[in-house]
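Okay, so chain A shows up in both of these, paired with chain B first and chain C after.
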Partner chain A sequence: MNFPILSSLILLPSVGAIFILLSKSKDQTNYQSSKYVALFVSFSNFFISLYLWYIFDPNITDFQFVENRSWLPGFINYKVGIDGISILFIVLSTLITPLCIISVNKTITTKLKEFLIAILIMESLMIGVFCSLDLVIFYLFFEGGLIPMFLIIGIWGGARRVYSAFKFFLFTLLGSVLMLIAIISIYWINGTTDIVELYNLGIGENYQNLLWLAFFSSFAVKTPMWPFHTWLPDAHVEAPTAGSVLLAAILLKMAGYGFIRFSIGLFPIASENFVPLIYVLSLVAIVYTSLVALMQEDMKKLIAYSSVAHMGYVTLGIFTVTQQSLEGGIVQMISHGLVSAALFLCVGVVYDRMHSRLIKTYGGLASIMPKYAVFFMVFTLAAVGLPGTSGFVGEFLILMGVFKKSFLVATIASLGVILAVAYMLWLYKRVIFGELINKDLVKMLDLNKSEIFILMCLAIPTLFFGFYPEPLLNTIEASISNLIDTYNYKLSLTK
Partner chain B sequence: MENINFILPEIFISLGIMFLLMLGVFKKNGSGIVYILSIVTLLITLGLIINFPSGQEVYLFNNSYKIDQLSTFMKIITIISGIFVLFSSYKYTKLEKIFTIEYSILILSSILGMMVMISAYDLIVFYIGLELQSLSLYVLAAFNKDKTKSSEAGIKYFVLSALSSGLLLYGCSLIYGFSGSTNFYLISENIHSSEYGNIFGIVFILVGLAFKISAVPFHMWAPDVYEGSPTSVTLFFAVVPKVAALTVFIRFLYVPFVDLIDQWQMIIIFLSLASMIFGAVSAIGQKNLKRLIAYSSIGHMGYALAGLAVGTNSGIQSSIIYICIYLIMNLGFFCCLFMMKRKDEFFDNLEDLSGLSKNHPIISLSMLILLFSLAGIPPMAGFFAKFYIFMSVIEESMYFLAIVGLVTTVVSAFYYLKIIKIIYFDTPKEKYDQDHHFGLKISLTVSTLLILLYFIYPSGLINFVSKINII
Partner chain C sequence: MEYILVFLPLLGAIISGFFGRYIGDRISEIITSLFVLISAAISLIIFNEVIINNYENNLIIATWINSGSLDVHWSIKIDPISSIMLVVVCFISFLIHVYSIGYMSSDPGKTRFMAYLSLFTFAMLMLVTSDNFLQLFFAWEGVGLCSYFLIGFWFKKDSANAAAIKAFVVNRVGDFAFVLGIFLIFYLFGTVNYDEVFLLIPQSINQEVLFLGININAIDLICILLFVGAMGKSAQFLLHTWLPDAMEGPTPVSALIHAATMVTAGVFLVVRCSPIFEYSQITLNIICIVGMTTAFFAATVALVQNDIKKIIAYSTCSQLGYMFFAAGVGAYNVAMFHLFTHAFFKALLFLGSGSVIHSFKDEQDIRNMGGVWKKMPYTWILMIIGTLALTGFPFLSGYYSKDAIIEFAYLKGNTAGYYAAVVGIFTALLTAIYSWRLIFKTFHGTYENKKLKIKKIHESPYVMLVPLIILAIGSIFAGFFFKELFIGHDGSNEFWANSIKFLSPLSTDHPPSWIVYSTPIIVVLSIPISYYLFVKNKDITNWLVNENKPLYNFLLNKWYFDELYDYLFVRPTKSIGMFFWKNIDVKTIDRFGPDGISNVIKKLSNKAVKFQSGYIYQYAFIMLLGLSALLTYLIVI
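Up next, the complex of A and B:
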């Protein structure tokens, strides 16, 4: 494969952004054409990534489509490539981005051009994160994502947007600088930052704990794990709908991906050592944030807290390191990417009409917005992990894996499932069912075509993978078993 | 006689200064032509320096003057930034009525002083260069003589700088007394830590030099002088003398004092840590952009010093890369300041930036890029500058320095973000004038693009700098 397909995936959105940047005049027609450019670019990126998934060979455990170019000579190479784990996240990113661009119709009234540029650059960086095979390149993409997201929250956000944007930026940056130190240390310990070489070389046992903690500080903030999650509700609530969607669907997944790729892959001994820590934090996240979510009056905040709980399952699954639990973790991330995106879009739909995110504003929407009620139902059930939705596959696999390791942890984690049902269904009940108390709601229109299209795009894969998760599991199976084999092999070396 | 070939740039620039002085005296309203000729002089000098065959080390005048990779490179960036300063501040100086012949000539003469400093290999030659540079800078700081703030800045800078020069000279005399020579190489042969005079001498010299690059705790002058001086002079202060001072730092630490690394390393680490922390924390409350830049440059000098503290070639190289990138960022930032004028009046307060993005999207975008770069966020050049520094710091396992340095970047990110917040999130104010001089536009475009696109080809600068081997 000579054509640099991954680099073109990364570059294409940026090229589109430059196009939009250079287009002149500020009238309304121009906004439309900018939007068409952005849509065209992001959809073509989506199809390229689908094609990539199609030609991707799931039976090979090595990285595929690898590109290696000299960048800092004798030092760091620009190296990208994908395996079964990253391809799914790339497809997820390229799917979510065009949906975000469609959704800007009503939400973004000012500076649409800049917004589209920010989203497209964000897409470039997100894809870059998932396919970089060098720690420094990874760090560049990982950190670079802060800039567009900061602007998305800060410029187009709600009332407390400045506070939230600053909190988001500084929290994540503080976590990440420690990772930078760890990356540089790895370079001086092993003489390379190339991930494939590092997998082969392995990292000295006595360094692993500290390095693991440094990486953990970055990913734990990004995931976000309890108690580093406080930026998330703020950021979600204040961000515009498209921003929340990107944040929940993809940015959080970067951390999960990082845990799999780096914490498990590079530091197996330390990962094993810190399993109790991860278990405790994940369980607290699952139970505590679910309880917090129960008490929320703001819909976005509720979904944000539910994200923390869902990511708790993910970290639980990842660090259990069994075939089922890791597969479950990844499926859960993909599913959460689809479902939380859809839920934020659902909130966005009513927010556009009523300009309120408070649960008590609504009630009885089922009678005036039946289509909306149906879609909301699908995603609510997917979020609680009803069999037949992708959420179930993920949670089930994770819990199955965890049961093997620790009965107690799995039991507590299963309790979280009940709590999730409680807060999600209660939310649904309060918003959709009941009497139509607020008379202003009567004027609300049901979903229009573009909204239906967006929600369809998310509902179909949610249900499809719920009934037939085979394509997902097939893609990741070989990569994960390879990962687990090396993990156990490296552990056995030290014993 | 063949020595003349090697110091041709210095000779040319001094002849240029004298000629321009005469021209200015005898020609009425000659400031325009002097301005253009100064740029031409600098360009020719630049050409003469580049012409010097690379890879050669030449000692001149009884080993008191050294021309090598380091000095050539530093002279090149000094002169290039000098040209950019003159180029970008044309309109500003005109409107502020400081566009006189002396302005250009003083900049030229301070650059000459810096060139002598950069090449000096002898205490006396070094001191001559330093004084030539400093005297020109005193006058420049006070150049807007109608404004009290400018005069105040000049006086403050003069008094404090004279004091630090005194300390430096005292250090030099101690070193001379205890080692018996003024030549850098001979000093390095005869200097011993067993004699306290040498240690005192080193401390005094380091204090003097730390003052010149405004490292904490010798930074007191910087905020006032930066704020009071005309903006074009502040730009000059913020970038050009730092290059020369850093070179002198490298020379002193790694030639005469190289054997006493145990003695000075702690001092440099302290200066570096203090500057990073102080620069980051105290910039947060600033309301004036020039003052803020003063504090931010204190912080940045802390990072550059961290590279020097390491004591390896890669450390020195990372400092040099840092200073280059720092220079471009500041150049771009000041270009934005020059553009903030309304009805021929310039603004330099933080609140004047409020909502700039609405009316001036291009300037705001440049500011955004430059500020993120100053904060060290990838993929801007500022990140790479810090990356190289921490690369060399961690190579020597100085984790404490690295962790403090990186945590202070988070703190300093806060005030850079604050500026971005004011530009992008706040309500817009009145429009600024759009009639910018083309030199200003070019300077801004070039510096912003360099910062933004550095990541595409980062090896260019490294290849240059990696030729500089001091140890």
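Up next, the complex of A and C:
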């Protein structure tokens, strides 16, 4: 067995977290040094994951870098490995985490050390989710992620943080319990929880629907799909900026990843059966939440609702199961990871200065914060899916794929594109353009260097992949076509 | 060479946009203008090559999206259609860059403005040189974005911001259909490359698709969807509302984007896709009718407007209508010809009006002008040249293209064609009246401005006048010189080669003489009549207005489209959004979902608490009950 690169990726942030935990004194210099430790660890992790992407061979359809260790002998194995789909999400996670750590500069004033620990542990768990090849391991990582997030909202959140934290926990846990039961039943049915083996064995037709629903209940809450979405705006509003960023950029993607890996991979027959359900819920999400977003008065809530709409496209793309729509779904998730993270950071920038998230507090920022206005504009345009941004590639491929299956669904989904322009540009206009009326705003400073650095790190890939999405599409192409082939093969067996 | 042509403006935009602060206003102005000038020079060389040697080229720059069977490239395609557009875009854009140096001289955001102009030029070049539908769509949105930036250039003005958003959203409505059209093309033909699609079209004339429960001929549906996209960009009837509002932007922008180039993209699309549209007679008739309606509608509104730029904006709308009905009767080359000549005289009119606005210190209401023709003689003469060309005065450029449209409409020989010809002639009359009204109210009669003394009115600087003069030369001669090339009986076929498809060759008959002569006669006669109505004897117009108050208000309020749309779309959307949020999210999902569950649990636990009262006799009693129940159970079994 080669060097366990995936396990190192998973463990490295946790090791960093232990370091920070062990450092004793609580004075200011120590805060700085803990931050440096966290930054060092997360950046090294980012570069390791880039290296991993570099040595990853996109032409192989099997899992690569597989590590398999016996954990509970004969029962559960610690098995990790990646394919073209997971590698992208791993790189996304390792990119977003250091940016979050830089952004805590002013936002977190108390218990910085603990906050950094929470974020690093979170990173370990997120990477774990994207490379686990065993259902039990997956479940542990997936649900483990809830705890740091719950703490981040509950401890460092805003005024109504406890309510939001509990709402978040309740919603997600309720879904997950069903998934746990489903995993146990899979073990009883097939005698293994190894995903690769399960792909080969297949799961009995009669069980598929129930098991699919159990997994769905967990993923639909996390995605979130309508009508399980109401925890998201609340969680975002109360969470500190870094928390919102992690939540929007990575946590939501776990569900999309889960849909691809498990719902499509393990239960093709059930997935096919439930396509109408997914279509309806996704369409409602796209149109309904776009309309709700239009009327929001709180910037974070608006972006949170727009996330629901964007994830609606993702679920639409995934369950259409065509080459274009699945590739589009993944590109859309990566793109949304970059863009929503950036938008929440943009809100964070003005929140740090004015301590208000209400749109009406602002207006006319273009004249005092020109750099901010430029960045905000780039991400606004990416959010509305303008060609030349990564958002367009994702949405376009999804809709093109969906169009093959159903004209009607694609038509309704395209309506969301009009609404997105309306709510995003209206938001932008009210915050950035106009006369500077609120006198308190005059003192606001434009972006500082670290803020520019963070936003730059997100803007460059957003634009680059908009003009040249090949690196993304190449990486996933083989894995996706393999997935689709097996999917169709298994469907044909039952007919 | 093509690379330089397309990418120089982008480079100029980047330099001016990001480094403008460091290199200074003047250098950014020079760099952006110079780069576009180089592009313009190259475009002339290419145009010349195309005319003489039938030069064609299709460069592939790089892969864009490659997913499954979808394979899209960034490309530069040179053929007769794109070579004409290149000349129009680069040439007008250069003149407007130069003009802007003077017009924006006192604006603090000069570098930003120049960057936007150059960026727009780049996007427009990408649009016309695309060899596939997706790059076309990219550029389509790109020019829309630049238009959004430039309409809202004065971002402190609320009305400008509102207009910018309106332009973007209304365009997106068109784009929505456009995108569906592209999906359908890919669905049917498995490619979005023009040439490949055009090759496959004749084989699938009879293919049908099920759309929203109805069986429709696939090609008809594609054409209609594409045309709706074109309607949005070219501000055709029903999707026109954004164009007049777009006049909130600086005047050079109105000239470049909202008159000469971007708004003609819709016409370009229809001409470019002539190999598809030729197979859909239904869509061609729809195009004809929509174009005609727009031409007529916009002209009636222009009759009574008082804002100098809005009059010209409606005039643009109306002229675009002419181009569309030319395309609708299958005379694509005539549509291109009118597009070409229109670019000159409409840019001239806009820039001329900009010159007027500039010297009136941002006054745009023609009721507050008048009598200044001696004060600004150059602007006055140039505006008159533009007006003559627009109205189609004999031997100026508009005469050749507009008359050709009406003639070909008549020669088409079907009902839509005859109808279009008649409406075309009538609209030419309206065009003449509103154009001369503008000239007479602005330059003649008595001076009406109360804020500004007449002495303060001055002629514009040369940096603004020279572009006007060049455009005026174009407005006079472009029609005469290029007539043979574009629409001549022999030369044009050779020039267009395969870039335009005619299923049946255009009729070469001569139309009856009343068709040929009626428009010029109307146009010439309308000058003295307008002079009498608007300068000599204003009682008649006042009487007309007073006698027909409802009609006047109907026209003044632009047929009440804005109010109607506000009532039909904007308000319902907002109230539905509010309803979903407050009543469904908060009052239903949350109330019965998480909050409901936690309430129920709370209530249950309150009940459960009561069991633990702490009194031993209660516990003893319960135990006794249980024991006796157990005993009973055992005995019975």
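Here is the rule we use: the second predicted complex is superposed on the first by the 494 of 495 C-alpha atoms of A that agree within 3 Å, B and C clash if a C-alpha of one lies under 4 Å from a C-alpha of the other, contacts with A are read in each partner's own complex, and residues count from 1 in each chain.
Assume contacts are C-beta pairs under 8 Å (C-beta built on N, C-alpha and C of every residue); 3 or more make two chains touch, one makes a residue touch a chain.
Because the structure is predicted, anything quoted here is derived from the model rather than measured.
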Please work out whether A:W231 is in contact with chain B alone, chain C alone, both, or neither, and reply first, second, both or neither.
second
Can you tell me whether chain B or chain C touches more residues on chain A?
C
Touch test for A:I181: chain B only (first), chain C only (second), both, or neither?
first
In the superposed arrangement, does A:L294 touch chain B (first), chain C (second), both or neither?
second
Scan A:L72 for contacts with chain B and chain C and give back first, second, both or neither.
first
Which of chain B and chain C A:L140 touches, first, second, both or neither:
first
Check the residue A:K167 against both partner chains and state whether it touches chain B (first), chain C (second), both, or neither.
second
Which holds for A:G154: it touches chain B only (first), chain C only (second), both, or neither?
first
Using the superposition on chain A described above, determine whether A:L213 touches chain B (first), chain C (second), both, or neither.
neither
Touching chain B in one complex and chain C in the other: list those residues of chain A.
166, 170
Quick one: which bits of chain A touch chain B in the complex? Just the residue numbers, please.
70-73, 111, 114, 136, 139-140, 143-144, 146-147, 150-151, 154-155, 161-162, 165-166, 169-170, 173-174, 177-178, 180-181, 184-185, 187-188
Chain B contacts chain A in the complex at 357, 361, 368, 372, 377-379, 383, 387, 390-391, 394-395, 399, 402-403, 406-407, 409-410, 413-414, 417, 420-421, 424-425, 455, 458-459, 462-463
What residues of chain C sit close enough to touch chain A in their complex?
62-70, 134, 137-138, 141-142, 145, 148, 152, 155-156, 158, 161-162, 164-165, 168-169, 172-173, 175-176, 179-180, 183-184, 186-187, 209-212, 573-574, 576-578, 580-581, 584-586, 589-590, 593-594, 597-598
Going by the contact rule at the top, pick out the chain A residues touching chain C in the complex.
166-167, 170-171, 227, 230-231, 288, 291-296, 322-324, 327-328, 364, 366-367, 381, 386-388, 392-393, 396-397, 399-400, 403-404, 407-408, 410-411, 414-415, 417-419, 421-422, 425-426, 429, 432-435, 467-470, 473, 477, 481
